[in-house]
Amino acid sequence: MPSRDGEPLLAARGLRRSFGRLRVLHDIDLSLAPGEVLAVAGPNGAGKSTLLRILAGLMRPTAGEVRVLGQPLTGDAARVRRAIGLLSHQSLLYDDLTLAENLAFVARLYGLARPAEAARAALDAAGLAGRADESPRRLSRGLLQRAAIARALLHGPRVLLLDEPFTALDAVSADRLRAMLEARRAEALGLVVVTHHLAEVWDVATRVAVMVEGRWVCDEPRAGPLERFLPRYREWIGA
Amino acid sequence: MTTAAARATARLGLGISLVALAGLAAVYVLALVYTPVEARQGMAQKIFYLHVPAAWSALISFSLVGITSALYLWLHDPRLDRFAAASAEVGVAFSAIMLTTGPIWAKPIWGTWWTWDARLTLTLFLFFLFIGYLALRASLHDPSERARFSAVVGILGMLLVPFIHLSVYLFRTLHPQPVVLKPSAPSLPPEMLRTLLISTAVFTLLYVGLVTLRYGLGMAQDARDETSDA
Amino acid sequence: MPDALRLALAIAGKDIRAELRSRTALLSAVVFAALVLVVFNFARDPTAISATDLAPSVLWVTFALAAMVALNRAFTIEREHGALDGLLLAPVPRGALFGGKLLANLAFVGTVEAVTLPLFVLFFNVDLTAALPGIIGVTALATIGFVSVGTIFSAMAVRTRFAELMLPVLLLPFMVPPLIGAVQVTSRLLAGRPLSEMLGWLRLLALYDIVFVTLCTMAFSAVVDE
């Protein structure tokens, strides 16, 4: 999908979200350029996951808008949804289908030509070719996440949203995940990583933002070591 | 929206309801003492003055649930959802009244507790639709989800009503009931018509009062939820 | 092929493939239907009421109960591993998502009905041969009606704690017009009555289908989109 130079991949303006009368997000703005890796941190219940769901198009904001490649993210059939990939903490895979069948189905959902081939190619690239005919329920957490990543990237999105991807990952899988993030960044995708563990994502991130009670308290380029950032971080989250 | 506004609304509703209940007592007296006794059905016919307006109010309640549900899905105004919930609770009460007074009347007239006449059948369905609507609301805790889901049930339910009517009509034309007397005589003497209209007006007032009261309670509930979550 | 139809078929195909793989829900529903028939058989006095008088009601109550058991499957599987999000992320019109689930449910309930019907003929000794095409037709008409409402209600019910209880409470009032129509038409078919006696009911069934399939398709977005 074409985008003009200088156009942010993902732009959100004035996002608000309420649940009943409870306001979770207050006038959130966000802009993501190609090759940016934005780490979003903050205490529990700050609204980070809600923000991610809105950016993914899974939740409608009460006010404000999201634009992907300049197109508004409204309407369920918006073609611009093809530009977004989501790695949730759940795998989004069906236990009763094999990995290959799962990915072929996703390929059909996104209207890809030759779904079965696209699925096999994606599994090969993820190093899961040998497990293609197995059910997701047989996979370890690390392998399952690899499959979920393959699923998220299958349709060639320009924006990848990740919700706490390092949770419960062993060190080897975490390294592999960081390498994957770095590779995507090099491909000029835009990444938003919601995380509790800044340490896991610090080196890959190009920008860091902190959300407290539905508001940004920080949105700056990632500069310097984590140790220098932590005291300010602790102050913001009131630790 | 404050707790004070909620309390004021609830008090207004309570006031109107009490006036309406006083009116209801007056209707009782009117029906029993000042309205002529119907020739064929005798004193038992007098429950007609309660039975018909209650059924009518139940139908109005449900139609308003349906209409405010459709408006909610269009406008997303939580006040519409609060109104729908209030109307449903009042409607289920009216339906229950009608379903208990109906058999009380039917027994002396037709010798059976229940008949599948059009009005009773429809009210029975409204009762079940209300129960389903309220049960769904009770099991959902996210306010936005609760409002959306109950709105869908409200709209679908409102559109079911004509199909129930149609089914009962088709059923009855093919299976004529042995009952000769119809619950609502086509031509009523003026005193009976007057009592019926007064009773209908009182029930409408009671509906308005109870819904306002329940709406005020809903406002208070929402205000409390907001402060406890924040 | 228009996108929406293609997507609906892809979703239905996925559901059917997954169900054929595990077969648990299908077998449970079929066994349930068979048991209901057995209970009906023992619950009546064969000398007092002839099978043909009772047959249509027994058949349709069985179909209705079996459908109720089968309907929650469609959205329960989407709750595992957050799969529904996967469907909503993609550029799939919500009406097509509903259509896919409806088709899968129809295939599923239709299969249960197709297995139940011969069992019914067997247990109740009813002769269906002349009426069979008509029975298949009215079964299709009535099933489309209550499965469409059942599909949207099950999408809501699975988000509550007691989905198996919530679905019947919501759905049963909506099953009544199709059930009445189906029983009336079935009983006339079995009695060899002319088509003219069934037209009113058939029109009711067809109108119900059109109204509720359309309405549920339009309302589906309100259920799945937050």
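Letters are used for the chains, namely A, B and C, taken in the order the chains are written, and counting of residues starts over at 1 for each.
Convention: a residue touches a chain if its C-beta (ideal position, glycine included) is under 8 Å from a C-beta of that chain, and two chains touch if they have at least 3 such contacts.
This structure is a prediction, so every number in the text was calculated from the model and none was measured.
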item: Chain pair showing more contacts of the two, A-C and A-B; value: A-C
item: Centrality ranking, top chain (CA atoms only); value: C
item: Geometric centre distance via CA averages, chain C-chain B, whole Å; value: 31
item: Inter-chain centre distance, chain A versus chain C - centres from mean C-alpha coordinates, in Å; value: 39
item: Intercentroid distance (Cα basis), chain B paired with chain A, Å; value: 50
item: Residue list for chain A, restricted to those that touch at least two other chains; value: none
item: Residues of chain C whose C-beta touches two or more other chains; value: 226
item: Of all residues in chain B, the ones touching two or more other chains; value: 144
item: Contact set on chain B toward chain A in their complex; value: 78, 142-144, 222-223, 225-226, 229-230
item: Of all residues in chain B, those that touch chain C in their complex; value: 73, 125, 128-129, 131-132, 135-136, 139-140, 144-145, 148-149, 151-153, 155-157, 159-160, 163-164, 166-167, 170-171, 174
item: Contacting residues of chain A [partner chain C, same complex]; value: 53, 56-60, 76-79, 81-82, 84, 86, 88, 90-97, 101, 105-106, 108-111, 136, 151
item: For the chain C and chain A complex, residues of the former touching the latter; value: 3, 6-7, 10-11, 14, 17-19, 21-22, 77, 80-83, 85-94, 221, 225-226
item: Interface residues, chain A side, partner chain B - complex; value: 19-22
